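Next, two complexes with chain A in common: one pairs it with chain B, the other with chain C.
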Partner chain A sequence: MSKETPILAVENLVMHYTTRKGDVSAIDGVTFSLEKGHSLGLVGESGCGKTSIAFSLMRLLPDNAKIKQGSIFIDGEDIITMSYDQLLKFRWRKIAMVFQAAMNALNPVYTVGDQIVEALDLHDMIKNKAEAEERVAELFELVGLDPALMHRYPHEFSGGMRQRAVIAMALSCEPDIIIADEPTTALDVIVQDRILREMKKIQQKLGMSMIYISHDIAVIAEVSDHIGVMYAGRMAELASGVDIFERPLHPYTYALMRAFPSIKGEKHDLTTLPGEPPDLLYPPTGCRFHPRCPFATDICKEKQPPFENVGGEHYVACWHPMEVHNDHH
Partner chain B sequence: MGKYILQRLGQILVTLFVFQTLLFVILTAMPGDVTNRMLTNPDIPPEVRERTRQALGLDDPVLVQYGRWFQNFITGNLGVSYSEYPTPVIEILEERIPRTMVLFLAATIVQFVVGFSMGRALAWQRGGFFEYGSTIVGVTLYTVFTPWFALMMIFIFGARLHWLPLGKFLTPILWRKVDIPGMSDSLTKANYVFTRMLWTATAAFVIWLIMAYFTRNLSHTKRNRTRLIATVIILAVSIGGWAMVDIGPLAWDITKHMILPIVTLTLVGFAGTMLMTRQTMLETLREDYIQTARAKGLPEKLVRDKHAARNALLPVFTGLIISLPSVISGGIITETVFSWPGMGLTLLNATTQEDIPLVMGTLSFIGVLSLLAHLVADITYAFLDPRIRYS
Partner chain C sequence: MTTTNSPLLKVSGLKKYFPVGGGFLRKPHNFIHAVDDLNFEIPSGGSMGLVGESGCGKTTTGKLLVRLYEPTDGHILIQDEQGNLEDIAYRKGASMKAFRRRVQMIFQDPYESLNPRRTIYDTVAEPLAVQGIGNISEREERVATLLERVGLTPATSFMFRFPHELSGGQRQRIAIARALVVNPSFIVADEPTSMLDVSIRTGVMNLMMELAAEMNVSYLYITHDLAVARYMCDTIGVMYLGKIVEQAPTEELLHQPQHPYTRALISAVPIPDPRIKRQVIDIKGGISAPIDPPPHCRFYARCPLADETCRDRPHPPLQDKGNGHLVACYKV
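Let's look at the complex of A and B:
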């Protein structure tokens, strides 16, 4: 496989949840790709579709979710058309996940070590018990846990330790991609920061690709090479971390950044974005952000803006991207 | 853990004392005694009744009676039955406890296994004919009047179809044909066969547990296969062993008599376990670790059995243990309908004949069993759920 082929390529993904009231358009035409060894952050308000994307990538969607269109290529294979048996071998081996609320991601009645061994055993990564213990010890050391703890139960771990254990579990089968869905939300800021840094280090050491998902753009910025800003099921803007921070083109990206205080940058008043994210049962016409956008014009209400490359690796879906830019500089 | 068990045993002794005292008070407070029946017989002069009361110590002050009874209870003397005079109560219990235990233990376990597997399947496949069908049938049977339902079962399978015996726990003609050295009547023979059946079952179960313990470290598919083979071997050896001895047909006769009560009790009760399992499974399925298990690439069956059902088992198992003693006292109706000569029937007959020692003995046994069951439930819970530790 050539070096340019991305490890993950999502093309025009459309996914609906069927509910009694009608179809909820949770993901609407999302396109992005991820190079081997790189990391991508997905950021947006709750309900914008970031977790739905993560679950689509693992084909772990609930029964009422339907992928209507698009393709997801992981290491050259389209997982949407994959059979169930193929999928079982694919999960965790190619793409693993560190779940949101990792506190409850471990089964309380099995030891932490056994739960990791379960994954190793399933994917034929180990031959016998001794080898399994050795591998778990190795993983524990990698994430900064004492290997002696592998025979303990999840409730004997602190929040930070459990988070580390879940990361160790995600690393166990040496996947190409790890999705970290709000990996540190439940932890205090100090532990959060330390774990993020360590994850970044492990990722670089093992040469894996990462997808971070968070509502906190500051967390994303610290660990991701590229950042995708999502709004109401669509990708609003996708660019390198530097570009997103220094040259935001979408009014929503701009608003999102003004909503978080920065200790490094210049002082600014925290602004909040008026209005609420739209009800995706009845998504707005045209650009989904137009009801809350201060720069919206008639075209925004009528036509969906294309997701276009505006130079380099900077993509944006907005009819008036530069206006925002000029207005504030 | 050891300290906890000791502490609990201490509590059990205190509770038992209170229980026994209450039992004594309630039974003594009831009007009349066993000599009441003499009143209706004009041939018995009042002096005879008076003398009988004196001989039995029934005319002593209540406190003296209580002291005497309590002293006897501690030394293991439960007295002599009035209605089956002069058989000691302990002998009657020794004879009947195994019969009741076998029947109700089997019924409770079958009911639990059926209810648990159905509830597990229901939670996994919501909606559809299977869920509605089994819920409607289960709840209907759960609410139906049990004696009527049991009679219907006897009527259909016993009287009409002749598939199964009508009642009692053995067919006397069959038993007279088989000789067991040193035993003349079928009741002694029955106890002999019965005790051996019980020991076989216990031994098979213990061997199975040891096997399960040694296979616990195998990988899932291998372990299931090994356990299945081992289970079949254990069953084959114990059943085959019985088939080869003379008393084999007798054991089969007892088994045949047990089928109808077990099926009836299962049908009447499985809905409780089923609905509880379904509910706890649905709660467990919402947990994040189920999602983790799926993400790891576990097939759905393993996610269900190893992760979801294992956690849903906790409350259901407690329910099972707690229901064990109550199933014996609740067996009065079943034992009466099926004329099964066990504890329930004994309690009923003893009560109607004012056979106070036998009533006390039976109820004491049920009380002790209840207290022990709660202790066992607490201890097994600590093994099933690692989050629970006693100190």
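Let's look at the complex of A and C:
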């Protein structure tokens, strides 16, 4: 089985934030990869480290963040050991990001079009003004905005329109990979649906690779062919979307899926988990899920379960994966 | 418990208009029709979900029902202790206070809705103090019982802490305890779990349902999430720009939606299962604010079914299509 080298490969990434109270273990040994043209969804509750991973991939971490270990290969090159000059060539061109709540981050005093032109100019993507306008018009059309709107200001845009503009900005340097961090979380469902469909279309058209980040497993299920379930700074499980739903192996994945109500199918009771996600200043020993896990045993408290391949593209980090329980009962 | 045929709550012709554009010494010339002629009932022990996109008037409706707002027009009838319906739409003073004992509200943001300078005990006991119910030791006992019931055990370890020491989920449990402490018959819950993470949210949702059943409390559950409304409510009303455009028993509404807006809304909900493919019904345009809306159907400008009859007639009334399925549309 020969395979192309993945466009992105993250290996055993460890990242801490230094704070007055101590180190926050925000990413602790995360490994995953992304094939060209594919989409990966990272799902997990707030504080589990999703945005931290995104910022690591962009090498846009705040000053108190420190990558302790691991590598991030983008198109075969490790961006962690890369020089700053080289990094500048990678960021936005190879990998770009739509930030969480980005729609509120547009500068109110410039027109939306001018802000995109600035991004283009910064990366030498355009030669003159005429070319700039043409390119902005193209980008607007790509994300489903009327090009006539490029001379308007952000406050004249609805939330959905602003989010589209931000996506256009991320697309402006024609990156190979786009990370979308909670791209639709603040939007109403009809607008969300339109934008997600638009993004999927653009991805296919341009052959891009996508990383979607969301706390909402329904959104992730819609747009990603692979899903990584994160818990407390670690990847609990990683598999194709269908495998995650048909054969969830990690007790957290299983619980997460039984905790989301759906409007389709039979109405079923929603399961609850005891307790709350841990504070990553004081992460639990062993498996970080053990204080809330119904299957935890002594080994779970003592030793971190390895992130192991269980066949195909399915990975899980658990001492007692679910299928075993299912077989027994 | 006595069962009566009359509903616990009956709303008719309820309106709330907010002035816009006015200012100092200047009369407003325009009004946002935030809530515009609502008519619905909730039976004793029943639960209704109010769903719709941002700005459609859900919170305004909730605040009218608990009388944090005075209506512009209309009636809010609610059962008194004897089971008679009384209109509280324009109540003031002492008779308002008696009503406050029967109707409570839970808010969306657990970080803003609790006073940061009050202990948990003071927060939960406040409605008892306002109503003059019980003496100090009785109040303490009641608060302790409720704290334990909402899962904050042991109560004594929570009572004298402050909200900032608690997580979002714990705060919403406090808000639930506070709402229930006076034994109300009706609660408005405005997106009480939308800021909580899933693994915590489910517990709060289940708790609310259990307690409502146990204490025979009816509720209006406001949410923008249809799946949550399905889980929590017997009936669902769909709001669009100040109007309820469709209302039906929950499963009926989700499986046989009739109003073109409801159909579009349901079709846009992502499904947490990649094996299920949705049928997409796209509608043009976006939601706006209902400032002095034209008299025809509120959905006219975006509706895929609209024609001249919709343009030339007033906003369609809710019509019963059988089985308590109400739809406001000339074309279905």
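Throughout what follows, the second predicted complex is superposed on the first by the 317 of 329 C-alpha atoms of A that agree within 3 Å, B and C clash if a C-alpha of one lies under 4 Å from a C-alpha of the other, contacts with A are read in each partner's own complex, and residues count from 1 in each chain.
Keep this in mind: a contact is a pair of C-beta atoms (placed from the backbone, for glycine too) under 8 Å apart; a residue touches a chain by one contact, two chains touch by 3 or more.
Note that the structure is predicted; figures quoted are calculated from it, not measured.
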Under the superposition described at the top, does placing chain B and chain C together on chain A give a clash or a fit?
fit
For A:D188 in the superposed arrangement: first (chain B), second (chain C), both or neither?
second
State whether A:A148 touches chain B only (first), chain C only (second), both chains, or neither.
neither
Partner chain(s) touched by A:K129 [first = chain B, second = chain C, both, neither]:
first
Is it chain B or chain C that touches the larger share of residues in chain A?
C
Three-chain overlay, vertex chain A: chain B-chain C angle, C-alpha, nearest 10 degrees
80
If you stack the two complexes on chain A, which partner ends up touching A:K89: first (chain B), second (chain C), both, or neither?
first
Looking at A:V109 after the superposition, I want to know if it touches chain B, chain C, both of them or none. Which is it: first, second, both, neither?
first
Quick one: minimum Cα-Cα distance, chain B versus chain C, in the superposed arrangement, integer Å.
12
Considering only the contact definition stated at the top, list the common interface residues of chain A for chain B and chain C.
none
Chain A partner contacts - residues on chain C that touch it in the complex:
53-54, 167, 169, 197-203, 205-206, 224, 226-228, 230-231, 251, 254, 264-276, 280, 282-283, 286-287
Using the touch rule from the top, collect the residues of chain A that touch chain B in their complex.
58, 60, 87-93, 96-97, 99-102, 104-109, 111, 118-119, 121-123, 129, 153, 155, 166, 169
Flag every residue of chain A that touches chain C in the complex, lowest number first.
45-46, 158, 160, 188-194, 196-197, 215-219, 221-222, 224, 241-242, 245-246, 255-257, 259-265, 267, 270-273, 276-277, 292
Name, in rising order, each residue of chain B that touches chain A in their complex.
217, 219-220, 287-289, 291-299, 307, 310-311, 384-387
